[in-house]
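Structure in structure tokens, see below.
Per-chain residue numbering starts at 1, and chain names A, B, C and D are given in the order in which the chains are listed.
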Amino acid sequence: MLKGIKGLIVSMLTVFKHLFKNSVTLEYPEKKIILSNNFRGMPIVEGCIKCGTCIKVCPSGAIKIESDNFNINMEKCIFCGNCAYYCPKNCIKMSDNYELASSDKNDLSLNFDISKKGEE
Amino acid sequence: MNYLYFLYIEFLTKHNVPQIIGDITFYCIPITIIFIVLLLVVLALVLAERKLLGWFTQRKGPNRVGFWGILQTLADALKLLCKENITPSSADRFLFNLAPILMFTPALVVLGLIPYSSEFMFVNFQTNVLIYIIFAGFPILSILIGGWASNNKYSLFGGMRNVSQVLAYELPIAFSLLGVITLASSMNLGKITLAQSTQYGVLGWFWMPCIIGFIVMFISILAELNRCPFDLPEAESELICGYNTEYSGMRFALFYLGEYSLLFANALFLSVLFLGGYLSPFGKYISTVFFGGQIGEILLYFEQVFWLILKSFFIIFVVIWIRAVFPRMASFDLLKFSWAFLLPISILNLLLMVLLKYFMGGVYA
Amino acid sequence: MNIIEFKNLFGESELFGEKIIMKSDIAKSLQFLKENYGYNILKEIIAIDNRDDIELSYRLYSPDDDEDVIITTFVKGEAESVSKIFDSAVADEKEIFDLFGIKFTCNDELERLYMPEGWKGHPLRKNYEENDERLKWND
Amino acid sequence: MTNTNLLKLNLGPQHPSTHGVLRLILELDGEKIVSCKPDVGYLHRGMEKMAERLSYVQYYPTVDRIDYLAGFFYSELFCEIIEKALNVELSERVKAIRVLLLELNRIASHLLWIGAYLMDLGAVSPFFYTFRERELILKYFEKITGQRMMNNYFIFGGVRRDIFDIEDVEEFLEILKTKIKDYERIIDSNPIFLQRTKGKGVLEQNVALNGAITGVNLRASGVNLDFRTKHKLYEGYEFTPIVSEGKDCYTRYRARVLELNESSKLIKQAIEKLKQNSALNQTLIQPIGLKLPAGEFYSEIEAPRGLASCYVKSDGENKPYRLKWRTGSYYAVNLLRKLLKGTYLNDAIAIAGSLDIILPEVDK
């Protein structure tokens, strides 16, 4: 019985101790989280040579390459970073933009024009 | 009190209003003040609980609505007002609506009993402790009706569990009350507070001599209000929300605010019984020491109310602190704890009080 | 526990890689292994659809001398249930019944595990055709 | 006696304390559970059917979604299959990186379980304390692998990029040591917690072995079986599995708290190994047109929730012919049928919570 009461008081005091520690919450909209530079956010494409390895590597078939348009369907993309890692010319980079909520659907299919092929 | 009464009657007769109306309406003013104070305090309590729980777990607690999260509960109440009042199709419509109302009324009645200052007391019966026991039992009725009427298995469990729990903890309350009554040798709360103003100051209050009664009553009130270690009727992780699973909108707000107003009413009651009601912990009142005479007289009332509210907030802080620490008790250990442990101890405490009254009766005139 | 000893106990069983192929009475041999050789954990039952029949391989494990044994049989549509010997087999057999359509005799709790009751067909079978061209993107 | 007025209660898919979408169909006599039938499949994503359609490199990112609290363990299983099939040897540094991240992931998973279990029993604050520690681990994962949970970091033959900032891990281990003392003071000395968990949900040894229960739940019933002692990655690490005889919910809780210390010891040894060999000479496998030789491959590892294993039968194509996962909680849910019989409703939640059941593992 007494050990019970001692246990009660000990657990109450340790919780009381937390009353004076400063809070760990991060007020999100005002202060943003500090991300590492390896963070895998929304993919960005420039200078693609249409080799098609990213199509072979994408687990959910989110990438379509037409003649001059590189389309990523963000509904299917699972941010795994396979395309960015296996692209031979690494022209796909994973930006650190994770706020992708949008009100209309066609925001979710990203189109990058890759027509300027013969430049370099 | 009668000083204010004469002031009021004199003001009315100046506008040639007959005396009868004055007598009747005089008591409406404090009633409305108490009702408004209750609503404000309840709003503050809900915010205080969420803020304290936040600080206990190193979080910030609500701070978006209003300057420091002050208007958070007001916003919640408005949101609940505008929400749709869904009544389950197979629910018993009349009882379903009756339950929340029953939950809110006992708190108002209990607030009427409490002596806020030496002059200012509503119901000055000689036995208003008895009235407290009667009305403290009302929430069982409302929770059982609410649980049964919403025709949902989980809320039925909530209602049943609440009945068995509150009945088990009603007797220890009665016996520890008896302990206090034998010491103060009167059932009138005003006389109980006066009996506590002895020359020992803070140690003279009733929590010191009948410490066992105080602890037993505190635990039983926790159980009666379904507060933390005993919150089986609305156990979030088992019965989703217990008896008020099917309630939404204004009815849920009534249940929710009723629960907190009961907490405030019981905290006031505990501080009157054991922590010396409106007596100031320093023996003499500050207002009589610094501003004697007329102003001191008026200020004295407010200071007495201030001490009473301060003590009840201390009790409420301990209740919230307990919520941050303890898990829920199992239903059998809860009942066993009350029948096999709290009840015998409170009877033993009653015996001690009788002996104390016999030998040291003089202290508590 | 070597294969020769096992062979003379249970007639027609031969070794294929590290697996022991059994033609019949699986329950008896599992019971025997569990009691005498201490293989008291049935790690998993793996079902493979080899187009003409279905291969069930039981992977047993004995925690004391830390050894694995795999017993496999080839089954058409019916199989002998081991749920009376190993309680974990109830879940495995339910899954295999659900995804492969093999009925296990004397397993009273046999019903679909993942799929809803009215589901037609057994998904993991090779002949489980779904004509949903959304799935054809990768071929 | 078939007591007809039994109350049929759905501890339904949407319930706050079933850690996901588990549905227990309970038959109650008053509050005593007469029979309990778990109904799973609400989170079935068809991982095994999907494997037959995707090539190895395409299937690999979906692998750590099988148990999102212990993603590294399932990536490690799948990589091990490919490395065994093409018998590729891992370099010392890669092995040390993998052990370090696996054990960090185990600590994160156990921390979350401690918080969630206390929330099931009704205590509000320990949940936030354990999440505060887990946040430090997830921040470190994000810095190294790019995502907090679905990290996709191990690749066939090695790791995606070399590990850095190991001081953060050492600093975290110091914080964890003091915080575990805090948890013990808040939780272990709490008489109501002891009353709710001591002697409840007793799992006998033969019932556990018969139900193929592995991992902490089995070791809490007295069987010394920890697959880390046999695993190739953990060679050269001295490590003592935590075996206790208590068999009830409290011992399973204590075993998981002790496992936190055990894992931090392993992490310290892994950091020593990392300091010794700093050259990451890994021989990566070219994954694009990867074809496994025909045959069967099997790999197993000690996941936080019991033995996890992967079995692949390939017929030489670039897609597996048949892939099967074995997970720990799959058999724990199956055990609930026996364990919850005869208990009361609020004990049932405590017992089911103590087995650390996570539903994505069960539904695969």
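In this text, a residue touches a chain if its C-beta (ideal position, glycine included) is under 8 Å from a C-beta of that chain, and two chains touch if they have at least 3 such contacts.
Computed from a predicted structure; not experimentally measured.
K.L.:
Identify the chain pair with more contacting C-beta pairs: A-B or B-D.
P.N.:
Counting C-beta pairs in contact, B-D comes out ahead.
K.L.:
Please report how many Å separate the Cα centroid of chain A from that of chain B, as a whole number.
P.N.:
The answer is 51 Å.
K.L.:
Which whole number of Å gives the spacing of the CA centres of chain B and chain D?
P.N.:
The mean C-alpha positions of chain B and chain D differ by 47 Å.
K.L.:
Centre to centre, by mean C-alpha position, how many angstrom separate chain C and chain D?
P.N.:
Computed from C-alpha means, the inter-chain centre distance equals 25 Å.
K.L.:
Distance-wise, how many Å sit between the C-alpha centres of chain A and chain C, to the nearest whole number?
P.N.:
41
K.L.:
So which bits of chain A are touching at least two other chains?
P.N.:
11, 15, 18, 24
K.L.:
At least two other chains touched by the same residue of chain D: list those residues.
P.N.:
If we look for residues of chain D contacting two or more partner chains, we find 54-55, 58, 125, 129, 132, 186, 190.
K.L.:
Which residue numbers or ranges of chain B touch two or more of the other chains?
P.N.:
56-59, 324-326 - these are the residues of chain B that touch more than one other chain.
K.L.:
Which chain pairs here would you call touching?
P.N.:
Final set of chain pairs in contact is A-B, A-D, B-D, C-D.
K.L.:
Please give the residue numbers of chain A that touch chain D in the complex, ascending.
P.N.:
Answer in residue numbers: 3-4, 6-8, 10-11, 14-15, 18, 24, 35-36, 38-40, 53, 56-59, 78-82, 85-86, 94.
K.L.:
Can you name the residues of chain D that touch chain C in the complex?
P.N.:
Interface residues on chain D, with respect to chain C: 40-41, 44, 46, 48-49, 53-55, 58, 206-207, 209-212, 214, 223-225, 230, 296, 307, 309, 311, 313, 321-322, 324, 326, 330-331, 333-335, 337-338, 363.
K.L.:
Please name which positions on chain A make contact with chain B in the complex.
P.N.:
Touch list, chain A to chain B: 11-12, 15-16, 18-19, 21-25, 27.
K.L.:
Quick one: in the complex, what on chain D touches chain A?
P.N.:
For chain D paired with chain A, touching residues are 54-55, 57-62, 125, 129, 132, 135, 142-147, 150, 152, 155, 160-161, 182, 185-187, 189-191, 194, 287-288.
K.L.:
Can you list the chain C residues touching chain D in their complex?
P.N.:
So the residues of chain C touching chain D come out as 17, 40-44, 46, 48-49, 63, 66, 86-88, 90-91, 99, 112-116, 123-124, 135, 138-139.
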